């Protein structure tokens, strides 16, 4: 199945609820035809609001415009926008069977029953639910509901697919599986997709581009690699993974901290703080190292361990280690961080 | 706030039939009634009524009776309602059905039930006759009315208590017990506070219903001095529409004020819990 | 400890049973009395259908009137109350809360006052005054809030707005959404409201007593007559007939309530 | 369907049920039974003055006189008008008496629980009758007011002095009297109210028609008899039918029916001997007096106020 | 703060609800004084039931016994067992303030007000809520509520601390932080603790011993290392992390599969399937490798990538790679798995 797709453009869209609660600052965003954009951010940052503006469930404050291709759809209600939408808790119709849920949009379009049945069959197959077609919604598991919701949204061949945290209601294992399925499906469909989530792993796996939002504005937009490796702000960096801070000062190609020194690009000159991610550091025997700390505790996580180190900087630092590491609290260890992995945020 | 899936024109179109019927057959009539009740001199009419010992007395008795009924109903219903939610035993559903059946009995029928119970030929009379050689008859007094109001209030509050108790978070009580609390402490610190909002809400409705109930008093039809009866007497005694209307307005205002007070105490669930 | 618990159990059971007896014994007595030849002399004097037949011949008009009134009330209340309940639950604003409050007022105000008010405005329209519609008008405003609330609760419980948004995203217009998604999903709320409306209308006395004319007597008005001035056996027989009409409705209501509560 | 709406035609009172059947049979007019009392009927007629529902109304005489004040009665002089004594009709035909009865004690002997049948007003205040005496509400029902007048006259009061009866009612209330607002005939029969202050015809009916163990007593201190009247409602919706009904009620047949129901017909029709034999002896009826009904009507409201203030 | 602790012993405790729903098979379990045991398992496996048996909120089926130290407490109700309990949704008293919640158990014990206030202050400090003491419960955030629940359970100095998924209701980031705090706190208190969770990371971080349950019975019990590296069954292995399966046959010290062969201990002789975890394999250029596959897709997760490989075995295999890896779908890669990292489950 391959769908036609269309680019989307938001221009200066803001949203104010009531008289003075501006939950979305004026926002502009272009989404290419066939692109999958993920809106990522903490709860309440305005992701759903943005999605609903695109869907046509909310109207932007005066001045904001929404374009689908060249068409200005700002004033069009959702039922005329030809978007497919998957809601966080699915919003399936409890009074219909699985088939009737999926076929609803086609029935509204007055597609003949024969043709409709055929298309519903195709969709059931697409989402691997062929044998569940005649069940009632209440008989489905969470993951199955999620797939019905997806099939229902796809049935009327939408120009745009909008998904609001479609996996959040599921448990961790299932989420991981469906995330992979979803990735495959979206790539195959090639439809313009806006996907809302607050889970950074989901965002990185699914997004061609990730838009990180906070407090009603876009903080950074870019490919998963860009935002992970070149976060525009500490806030983005923290949201996308764990972050360690080293306080100290730059001198002659090295950054001097409490636990020693480490090679550092010149960009850090003048900064009082540099950062790195736990997985970017490696541990080595203390004797050889220019940077040393003391093990405070070791957390065994199964696939890896997290070692917490004191004495490196004023605050405790966390470093990833192989899960079979045999470090003991109190031990002295050396730390190596490749200079190119340091996160140096000059803007701060 | 604009709600794009419920456009304003539909909102209006769907509300209008109900609103117009309501306006035509209640709002406007009540407005007219209020005007009539003024009898030309608003202040004077009401001042007369509010200084007439008979009316004030009647109002007091009504309020007092309703308060007593409400208090008694709440105590009894909490005992029975909690008992029925906490224990499983054969025949429980039957008991629940029996307790909630009179939910929609009209006041007149309730009055008759009271006569059946506490009239001269009533069960209580026969039993007391057999036991003490003295016939206990109180259907035609305030006690009879009390019994009647109790009769129609209990099902409502029992239902509320049961619904509220069922939705109680059991783990809170368990938490209290894990901290060493016995049954009474759990009751005092967990169950009753959790039930309080719905009790206040349904108690207010019970109180309001008792204040305005007419059928029961009418059936017992004796000189019970509750306000609805007074209104009725005023109306039938020389068609004193002005006084009847004014008393109705006063009764309405008192009832409404009490519901409002209760709502402020209990939170927004009040009206929804009624019925 | 054990003993105290058992005592507590017994006390609670006792109160519950006493309440059940209080509520149900008179129902039983009156049902029995309706078939006694002479209540005063008790069951020794024998059983008879006489009273029931007497009630049916003398009061079948009132019974039919009541059924008519209940049916018309139900139709009207459903037609206007369902859309209103839906809008009031969906439209979260101060205005909607005010309206909901407003249409709930007839429950709070004594029926006597409402009836007086209706008479003082419409008493002059004779054709209307002497027809059943006069009573129906009163019953409609009195039962409307029950339907509205029941529907509003169903809408809120089903999170109907979300379902509508789902339907809208699939291209359905308002009327389509309302008929294919909203109504089917709040059916249980409508049914519960409808049962409530019928039961209340069948038993309504406070308003009806003032609103009725000798030709438009309803069942409860007849009951009041019977209690006031007829033999206790006749009153009992009449009450029994009322129970036979109303109790099945109440039982259905209870069953619906239970099944609803069982759902998660 | 030919209709005449009557307010206050209770089936259990004065055998209106039978009379209404007769009317239907003999004139083809349907008169629905109606259970209001005099006060309620009057109030209703006044409330409906703009657009009356009722055609005719049956009232205690005082209520009819009272109704004149509100200008709600139409006028019609039915056949046999001239045979009615002057004080029992309105000269302009606004109302006309149809029958009368005497106030007394209507007693269910079975329900007395072995206590003696009371013989006087004073007896009713004895503790042994505690909770057993019923008297209709004087502030609402005509019977109640009639009883009040009768007791007042018997205990030495007058139409300008109601103290005796007010005191009496206070004591009666102490004795847990039952004060119904509507006819309570059936409650006496069922034993619910063992002793009711009521009209003689109700008691006779219980005794002879319903074959209950009933006694009627005209109290030693004396009593009063009261007429009941019919009146047209002003602006009656079915005037022609109403006229026929009024004519019928005063016709020989109609009057005979009242006699059969143990009421004293207003016209001087002959009462069959077997019926006459069922009344208390004339010596007892000698204690039953008449009063100035116009004055009684005039005092009704003041008395009712007095009653509500002092006894209620 | 240091609490007295006591060992716990369950002997043949089963639990049947109604007439025939046995949700817990006869179970025996010893918990040492001061030990932290985590009950881990999927939803519905009987974790809560076991906890409630220990708490005294349920009574075991006849025959089962619960001992606290040497005392048989089977018939004792919870209020006499001196246990502290933290519920999944905290079960705080909404009608009391934070202080009154924490002090409740002391009030029930009739501790004088002065002394009580002092102790509540100590506890507030312990859980870092000193400035929130006078708030109402509804004014707290989820994490704060969790800490109030903990403090409340600790106040009456319980002999045993029971926690039922205390972190599940919180969001991922907060859960991670509180997990670390909780670990520290439990270690310091030294009280016998039973902790229920379905999150394996939580179990491994917190548990001195982890008890894996499924379908109403204990599948395996052991230290986190034991159960992760020596899972008793495939089910346990899967529940504790991701698992790849290689179908093939053992021959002469090597296991032969579709994509080649790999060194393998002799234990695998006769088995048709061996397993390994994604993080235990490493990728190398295809040319040098005895075991090869084709990249099907690469999932960028930020701190690492997951590479899905076809052609290694009949089913797709997942291997962890550094996040900066530049593999492209279609590429041939070699795979190395150290023989000691293979999971060979002979019992199957």
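Which chain is which? They are A, B, C, D and E, in the order written, and residues in each are numbered from 1.
Methods note: a residue touches a chain if its C-beta (ideal position, glycine included) is under 8 Å from a C-beta of that chain, and two chains touch if they have at least 3 such contacts.
The structure presented is a predicted model; accordingly, all values stated were derived computationally and were not measured.
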Just the chain pair, please, that has the highest number of C-beta contacts. B-C
Compared with chain E, which chain's mean CA position is the farthest off? D
Report the inter-chain centroid distance for chain A and chain E in whole angstrom, where each centroid is the mean of the CA atoms. 26
Distance from the mean Cα position of chain E to that of chain B, given in whole angstrom: 53
Take the average of all CA coordinates in chain B, do the same for chain D, and state the distance between these two points in whole angstrom. 37
Could you put a whole-Å number on the gap between the CA centroids of chain A and chain D? 89
Among all residues of chain B, those touching at least two other chains are 1, 5, 115, 121, 218, 221, 235, 241
Using the touch definition from the top, which residues of chain D touch two or more other chains? 47, 111, 180-182, 190-192
Tell me, which residues of chain C touch at least two other chains? 39-40, 120, 165, 168, 224, 228, 232, 235
On the basis of the stated criterion, which chains touch which? Give every pair. A-B, A-C, A-E, B-C, B-D, B-E, C-D
Chain B partner, complex, touching residues on chain D are 37, 39-40, 42-44, 46-47, 66, 70, 111, 131-132, 137, 139-140, 173, 176, 178-182, 190-194, 301, 304, 308-309, 312
As the complex stands, chain B meets chain A at residues 1-2, 4-5
The chain C residues in contact with chain A across the complex are 158-159, 162-163, 165-173, 176, 180-181, 184-185, 187
In their complex, what parts of chain D are in touch with chain C? 3, 5-7, 10-13, 32-35, 47-48, 50-54, 110-111, 180-187, 189-192, 237
Considering the complex alone, what residue numbers of chain B touch chain C? 1, 3, 5-7, 10-11, 14-15, 17-19, 21-22, 25-30, 32-33, 36, 76, 79-80, 82-84, 87, 95-109, 111-117, 121, 123, 150-151, 154-155, 158, 163, 166, 183, 208, 211-215, 218-219, 221, 228, 231-232, 235, 241, 244-245, 248-249, 251-252, 255-256, 259, 271-272, 274-275
